[in-house]
Structures are given as C-alpha cells and as structure tokens.
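Note that chain A is present in both complexes that follow, paired respectively with chain B and with chain C.
Take a look at the complex of A and B:
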C-alpha cells in the first residue's frame, strides 16, 4: 500500500490523536536561533510542525524516546523516621516515525542491553512496549554515513514495526511485525493500492571491512596508537551523547527539604569522573585509557557480550566531535596498526 | 523487539530499593562498622548466596555497593569502611533508622566446586568482609571441606575487623588455623608483625588440594598472587573478588566494565585465570 506524500499530514494528524508521534522536525524552523545551523530531532508532532523526512540523519538521535537524557527512577519522602518511595511508571504510548536503519539497529542494541542478561530494566521496558517504530528507507546518503560497513541495509530498518520505502510521490508502507500489521489497519483511509518500488541504489563515500575488527582490537590494546589518538580529545562527551546506541548512564539524587528523587542521566566514559572511586582512585586516570575504552566498547567489548557491533555507522560523532576524532578512521587504522605490530 | 526471558530474581523495578531499617550496629574499627538491616516488617531484605553484593544507602544521600558480609534468617549485614560522602553518612546511622537496600547482585563464591578441598583464605583490611560469608559457609558445613587457613592482615591491630570471631571463635573450630599479622606498631603481643606473602609458603599446605581465596588491596593482591604461583597453586584454584565503580549493579549502566566483563553481573568473583585473561586498563 502507498501513502501519498500529500496525505502524510493528514495521517500524522490522525496518529497524533491516538499517541505521541515523534517525527524528524527542525528545531529552529521559525523564530529560534535565526541564521543558526539547522538542527533536527524527533519532536512530538503537532499540526503545522516543520516535519522533515528528507533529512538523512537527525542531529539528535531517537534515543531520547526510549532512554531520556534524564529520567526519574523514583521519588522519596522522609517524615520523621519514615521513608516512603514512589516508583516512576511510564505509561508510554508513542510512535517513532521515520527511523533510519542505523537508528533502528541502535534501538535493537539498547533492547539487548536493557531487556536481556538476567535483569530487565523496567522503565526502558515500559517505554519500549509502548512504542511503535516506523522505519524509513534511505534515498540519499551523507558523507559520514557508513552503515553498510556493519552490514546494515539502508532500505530496511531492523526490528521496526512498519517500513516505509520512498516511491516518488508516496511511501510504500509494509508491516513487518504483528504490532505493525494492527497499526497499519488504522492507516487504511490514507493509503492507496500500489506495488513496492525497488529501493534506491545508494552511493557511500566509503565502506570499511569490519569482519575481524573485534579480534584485531584486542591485539592492539597496549599499542601507542591510543595515546596519539587521545591527545586532542577534550573529554566533552559529545560523541556519546549524539550516539544513538551509547547507553551508559549515571545515577544520582536531588533533594529539596525532606523530599527528593533519584534519577539517571546519560553519561560518557570519556568523562574523567566516570569510573572514579573513593580516595580519587581511578582505574582510567588518563584520556588515553578513557578514549580507548570508548572505542573498545563500541567495536569489541559489546560484540563479545552481545554478538554485534555497538557502532551502527550513522556518523553523527564524526560530524560533531569538535576536534575531529573519527571512528571510521580508527577502524581504518586498526588494519594498519595490527599489521605493524 | 526481543522476547523477554525473565530470569530476574527481583520482583518489580530492579533499580528501586526497598526501605529497610537498621537493627544493630557493630563498631569494628575507628573507620569500619557493620550494619545489620531488616525489612520494615522484620524480614530478610533478600536471599543471597556467599559472595553476592547488595546496594545499601540512605534515600537522600545515595547508595553504594557492598558485599553482604553476613546473613541471618531475618537480617543481612554490611560491613562498611568510611571513605567518602555516602559511607560517611552511613556511619552516622543509628539503630532504627530507615535505609534503602537492593540486591542480590553478582555471582558468588563457588562453594559447591570447592567441596573436599583445603581452603586458604587470604584477606587484608576491609578485604575480610567479602570473604567472611565463604568462610562461614565452610565452617557451617565443616565436613565438606578439608583444612582451613585464614591469613588476615591489617596495618595495625586496630584495623582488624571482626575481632571476636578472629580471636575467640574461629581458632577453636576443628582443623582451622587463623593467622593474623599487622604491618605496624602492635601493642600487646597477640599478633606478629610480618608480611603475608612470605608467610604463605611456610604454612605447609597440600598445594595440589588447596583453593586460595584472595581479597585485599593492590599490594597484598600482587605479592600474594605471586607467592601462590611460586607455591604451585594453579590460577584456576585462586579465587578473588574485583572492585569497580558501580551505579546500577545490574549490568546496564556500563560503569563497571573490565574488558567485556561487567563486574556487577559477571563478577565480583573471578578465578586468577579469568583475571589474567582480562583486558585490564
């Protein structure tokens, strides 16, 4: 079935009546920081929103929708000696609309972390259960895109409920899960008959060989390469914050009188106090060790644990690192460093 | 989306603690105290096996990871050294005060696999609490284990924890030898001033049948693992617990990794062979 592009607005209007629809939108389309660079993110749709399905990758990834930048875990209150806790409950009902393959792959990585391996993270689970994901196949690439290096198919987003494929004046919509089939039923009034178009042939600036990456990285753990690489790192955490799959979080509390709440917040292993212990003992006291851990986690440790790479090749960190530390170049360098060792 | 296989032992949100109360506080040293905690209705906060961890803290001040140092039918004990912000607050607790507790976390001492073996426990300072549950398990099931040696050291006599058990209870257990040493000034003559590592070789152990359990600071760890290797105890038969900064305790926050292992979930107990294979920072 085809969703004509002129019907997109009415579909989103209808969907917004049933759930929060998060769709790629320009932050500063009107007013705001005039003349500033365009930034995009998955914002709640409202009539008149500056929906931007043409942007290949949004500046902010859809990670916030499932793992918000800060999230209250529970609140507490102390009366006399008595302490009471009130748990946060997420009654999420949201549609992530227009998710690219790289970001969908990242959500699958988050699923592995938060939903498997002995413990289930309740707040993530609640959000995930209440989320319908609509994927959108890519028709163009940006210079920093390298998802095919991780064997991703830019035409089909892994794990999404409904996949959209650009068909010129419309989108071909197909359900890929039971949840998607049910949801697509409600879209019927906005759809017309049509056949699935052949996905666009995409050109990528580069494609890297990542088949042996994890193994190779293990052999170069002690290489001076990491020292050189980390010299210019600012430890600003931008790379982790813009990454759709970086999931590490910090936990802390905020008090006001006899009440307060405990919350979690995104964290970055490039921050100096990330693993600081009592007495200022820090197992990763140098930038070298912190940045090395970042790349090892993304490209080796996660794979050892969960079977696939924690980098999806979206290239956001490549574009936004203020000092130009480039994960694709690191991957390229690995071959050379290992050959030299 | 992944099918959820629930082998999660805790009901409800694993990051949300239960409110418990302190029922007893024992001052061990000038900066170490033990806290017995119980649920508000007088029950056990959680079931645990020796070696497992728990998050213990105070709602407005935060929580820290500790090994459960002892457990009774309706209480758990944490032995806490005062080192920083949260532990300072914990040390200001009084009996009856309400605290937050969650757990159990992590793997545990291989009590089953060690049956029939001689046990050599080596601990330094605040390294004894994590080892104690294993030692107590061996003593409670005395027939299952061979000779037991505890080699415990601290900077001074005042830094030894669990003094009553050390000096009065454990030495009287059958085939159990308690060796205590301090590195500095020793008033009274109950202990010798010595270093642990050289002492181990003189114990006359049947090394082929000995499992060593090692828990202490970096220097104790370094010197003793070398001594154990010299004595011919295989790396597979040396057990230790690792420590890393922890936040979630459930393998999600990413904080406590050493290589691809999460200490909170895959550890804290590892064999020396496993530790050797890790990519350590």
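Take a look at the complex of A and C:
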C-alpha cells in the first residue's frame, strides 16, 4: 500500500490524535549560531510542524524517546515516621516516525541491554512496549554514513513495526510485526494500492571491513596508539550524547527537606567523574583510559557480551566531535596498528 | 614573502622537520586532514618522517592553545602552531601560571580567518576576531596581516540589550532548553583551566545532573561568570556546540560591560597585564556599595 506524500500531513494529524508522534523536525528553524545551520531531532508532531523526513540523520537521535536524558525513577516523602515511596510508571503511547536503519539497529542494542540477560529495566520496558516504530528506508547518504560496514541494510530498518520505502510521490508502507499490522489498519483511509518499489541503490563514501575488529582490538589494549588519539580529545560528552546506541547513565537525587526524587541521566565514559567511585578513587584517571574504553566498549566489549557491534555507523559523532576524532578512522587504524605489531 | 596558505604549509613542514630533528621540540601540535574534503583535526606530530601529515589551510578551525596544558610537566619542549587566538590562549595560560614559557616553542602564523568546510563561509568567530596576528611566538611564518574585526562583534549584544527583561529571559530560556550538557564548550575553552570544574564536584552539588532548564541555565550562567572578562574571544564554545547555541553572546556581554566600566581590554594579548577583575583600584566604579 502506498502513502501519497500529500497525505502525510493528514496521516500525522490523525496519528497525533491517538498517540504522541515523534517525527524528525528542525528545532531551530531560524538556523543556528553560524546562521542557516539547523539542528534536528525527533520532536512531538503538532499541526503545522516543520516535518523533515529528508534529513538523513537528525542531530539528536531518537534515543531520547526510550531513554530520556533525564528520567525520574521514584519520589519519596517522609511525614513523621511514615515514608511514602512513589514509583514512576510510564504510560507511554508514542509513535517514532521515520526511523532510519542505523537508529533502529541502535534501539535493538538498547533492547538487549535493558531487557535481556536476567534484568529487565521496568521504565525502559514500559516505554518500549508503548512505542510503535515506523522505519524509513534511506534514499540518500551523507558523507559520514557507513552503516553497511556493520552489515546494515539502509533500505530496511531492523526490528521496526512498519517500514516505509520511498516510491517517488509516496511511501510504500508494509507491516513487519503483528503490532505493525494492527497499526497499519488505521492508516487505510490514507493509503492507495501500489506495489513495492525497488530500494534506491545508494553510494557510500567508504565501507570498512569490521569482521575481525573485536579480536584485533583485544590485542592492542596497551598500545601507545591510544595516547596520541586521546591527547586531542577534549573529554566532552558530545560523542556519547549524539550517539543513538550509547546507553550509560548515572543516578542522582534532588532532595528538599523531607521529600525528593531520585533520577537517572545520561552519562558519558569520556567524563572525568564517570568512573569516580565512593571515596574518590577513579579507576580511569586519565583521558587515555577513558577514550580507550569508549572505543573498546563500542567495538569490542559489547560484541563479546551481545554478539554484535555497538556502533551502527550513523556517523553522528564523526560530524559533531569538536576536534574531529573519527571512529571510522580509528577502525582503519586498528588494522594498521595490529599489522605493525 | 607571500602568505599563500600553500607556501605557509610548505614552510611549516620544513620548520617542523628541522625542529623535530634537532631536538628543539619533543612534538608539534598542529593539524592534519580528516577523511572528508575540508575536514581537519588536531595532530600530535612526533616524527620528522611524518611531517607530510601536517597541514595548514583555510579549514584549520580548532584552537590548539589548551593542548599543552595536559602535558605541562613534560621534560622536553612542546611545539605549538599559533595564530592570534591560539597565542592569546597561550598568554592566558602563562599569566595564570598554568605552564612555563620554556616548555613551549611557538610557531606563529598570521591568520586571515578560517572557513566552515560545509558552507565555505568564513566562520563567525573569525569575522569577529580582533587579533589575527600571533601576539606571542618564537618564530613567525608569513607576513603580518591587518588586525581588527570584520564585523561589529558587539552587534548581537546590543540587539539583546534593547529587549525587555522578559523578552531576554524567554530568549535565553529557549536557548538553554536545547543544551545537552555535553560540556564541550567548557572543555575547549582556553580560559577554563580549573583542575576540578565546579560541574564535576558532585559531592558539593553546585551543579545538578538533570537536564532541566534550571540546571542548564545554572551551567551556562555560572560558566559565563567564571570566565568573566578572561574570555579571549576565540569563539570555540560556539563552534563546538553540537546543538548550535550562540554562547559567545553571553561572554561578549561581560566583555562589553567590562569595557564600559574599566575601559577597553583584550584578555591574553600579553602575559602580564592585570585583568580588570583580578585586582582593584581605589577609583574603581562601585555603584552598588
């Protein structure tokens, strides 16, 4: 079935009446500090929103929808001898609309972390259960896109409920899960008959061989390579915060008198206080150890535990790292460093 | 001698080779090419044999002034390529006692402004730059260029000052609601050299970790006041911001106020002149006392 592009607005209007629809939108339509440079993210759709399905990768990934940067875990209140604890319950009902393969793959990585291997993170589970994901096949690439290096298919987003494929003046919509099939029923008034187009042949600026990456990295933990790479790292959290699959969080509380709440926030392994322990011992006291951990976790440790890479090849960190640290070049360097040893 | 970028790059490579070979410097901090056209990244050059990795072109957007501070106890000497902005950052570090001058060997390059590789336009921070020639160096490559900002660097502040208090609050609230607290602005800032930043003193609780408007504003405003008139106006905070917040407008407001109260002042143009707010004079303005 085909969703004509002219019907997209009406469909989103209808969907917005049933759920929160998060859709790629420019959040500074006037352009940024350098003028004209837009930053984009998945914002709640409202009638008249400047929907931007053309941007290949949004500045902010859809990660926020499932793992908000700040999320209250529970609140507490003490009155005399009585203590009341109030758990947070997420009654999520949202549609993530226009998710690309890289971001969908990343959500699958988050699912592994928060939902499998003995522990189910309740807050994540509630959000995930209440989320319908509508994927969108890519018809173009940006210079830093390299999802195919991790065997992703830019035309089909893994794990999504409904997949959209660009068909010129419309999108071919197909359900890939039971949840998607049910949801697509409600779309019917906006759909017309049509056949699935052949996905566009995409050109990528580069493709990397990542088959042996995890094994190779294990052999170069002590290599001086990390020292010079980390010298130019600022130690900021841009890479982790724009990354669709980085999931580390920290927990703190805001306390006022006898009441307060405990919350979690995104954290970044490049921050000094990330690995700070009680008593102020820091097992990763240097920038080198912190940056090395970032790449080891992305490309080796996660794979050891879950079997796949924690990098999806979206290239956001490549574009936004203030000092041009480029994970794709690190991957190439690994090959070179290991060959020289 | 002409200042074409290609000739500057060629001379820079020759000098880097010589300085590394004769042991004057242990390594050189410069730039190398990134993967994409116009993309550059800071380079730590240790071997004369790698000197061809060193580049100098119109896309060398990163300030290098802060890098030597992470190696201040080095036995040898750190070579740094410095333009006006980098050299002012170095002076600030010298004045603050962050590093000793004899640990540094500075190769100066007069700079006519860098460009955004994506748009091909000169960066805003470079259009607003007042000191294009290095203000401290051991040797200079190329002839001096004309100093002075190409645009009125206080125009945006003047425009904001014309708004009402409520309008200004709304303006900044909209901006800080977008902050993702990656702290890139702090980490790149040559004026931010505290051994431990107030934002990292979790036990003290100066700065909460929530990304809420209040916490984001607390971060932005406290940082602005901590830097105060020590800002060297390199504009890196704005360039590195992944969500494109116009952070220099805050710093410039402080600088403009400092000008009006204490006279014109440029942080980092030497390593000894006291800053307006690091000492007092008996005839200082004290309208609030």
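Just so it is clear, the second predicted complex is superposed on the first by the 331 of 341 C-alpha atoms of A that agree within 3 Å, B and C clash if a C-alpha of one lies under 4 Å from a C-alpha of the other, contacts with A are read in each partner's own complex, and residues count from 1 in each chain.
Throughout what follows, contacts are C-beta pairs under 8 Å (C-beta built on N, C-alpha and C of every residue); 3 or more make two chains touch, one makes a residue touch a chain.
On a predicted model such as this, the values are computed, not experimentally measured, just so you know.
Asker: Does the chain A-based superposition show chain B and chain C clashing or fitting?
Answerer: Overlaying the two structures gives chain B and chain C room side by side.
Asker: Is A:140 contacted by the first partner chain B, the second partner chain C, both or neither?
Answerer: Neither partner.
Asker: Is A:284 touching the first partner chain B, the second partner chain C, both, or neither of them?
Answerer: A:284 sits against chain B, while chain C stays out of touch.
Asker: Using the superposition on chain A described above, determine whether A:76 touches chain B (first), chain C (second), both, or neither.
Answerer: A:76: touches chain B, not chain C.
Asker: Quick check for you: in the superposed arrangement, does A:263 touch first (chain B), second (chain C), both or neither?
Answerer: After superposition on chain A, A:263 lies in contact with chain C alone.
Asker: For chain A, which side has the bigger count of touched residues, chain B or chain C?
Answerer: The larger set of chain A residues in touch belongs to B.
Asker: What is the contact status of A:276 with respect to chain B (first) and chain C (second): first, second, both, or neither?
Answerer: In the superposition, A:276 touches chain B and chain C alike.
Asker: In the overlay, answer first, second, both or neither for which of chain B and chain C A:186 touches.
Answerer: neither
Asker: Once the shared chain is lined up, is A:322 touching chain B (first), chain C (second), both, or neither of them?
Answerer: Second partner only, chain C.
Asker: Which angle, to the nearest 10 degrees, do you get at the Cα centre of chain A between the Cα centres of chain B and chain C?
Answerer: 90
Asker: Return first, second, both or neither, reflecting whether A:247 touches chain B, chain C, both chains, or no partner chain.
Answerer: After superposition on chain A, A:247 lies in contact with chain B alone.
Asker: Report for A:236: first if it touches chain B alone, second if chain C alone, otherwise both or neither.
Answerer: So A:236 only meets chain C here.
Asker: Please give the nearest C-alpha separation between chain B and chain C in the three-chain superposition, to the whole Å.
Answerer: When the complexes share the chain A frame, the smallest chain B-chain C C-alpha distance is 7 Å.
Asker: Hey, what residues of chain A end up touching chain B and chain C alike?
Answerer: 250, 252, 276
Asker: Taking the complex as given, what residues does chain C use to touch chain A?
Answerer: 34-36, 39-44, 46, 62, 67, 70-71, 116, 118-119, 121, 123-124, 178, 180-184, 186-188, 200, 202, 208-212, 236, 238-248
Asker: Taking the touch rule as given, give the residues of chain A at its contact with chain C in the complex, in rising order.
Answerer: 27-28, 32-37, 39, 59-60, 69-70, 143-144, 205-206, 228, 231-232, 234-238, 240-242, 250, 252, 254, 263, 265-266, 268, 271-273, 276, 287, 318, 320, 322-326, 328-329
Asker: In the complex of these two chains, what residues of chain B are touching chain A?
Answerer: Going by the criterion above, the answer is residues 1-2, 4-8, 10, 12-17, 19, 59-62, 83-84, 87, 96-98, 100, 243-245, 247-248, 250-260, 265, 279, 281.
Asker: Contact residues on chain A for chain B in the complex?
Answerer: 73-74, 76, 78, 81-85, 87, 108, 111-123, 125, 128, 159, 177, 218, 221, 247-253, 255, 258, 260, 262, 264, 267, 269, 274-279, 283-284, 289, 292-293, 296-297, 300-302, 304-305
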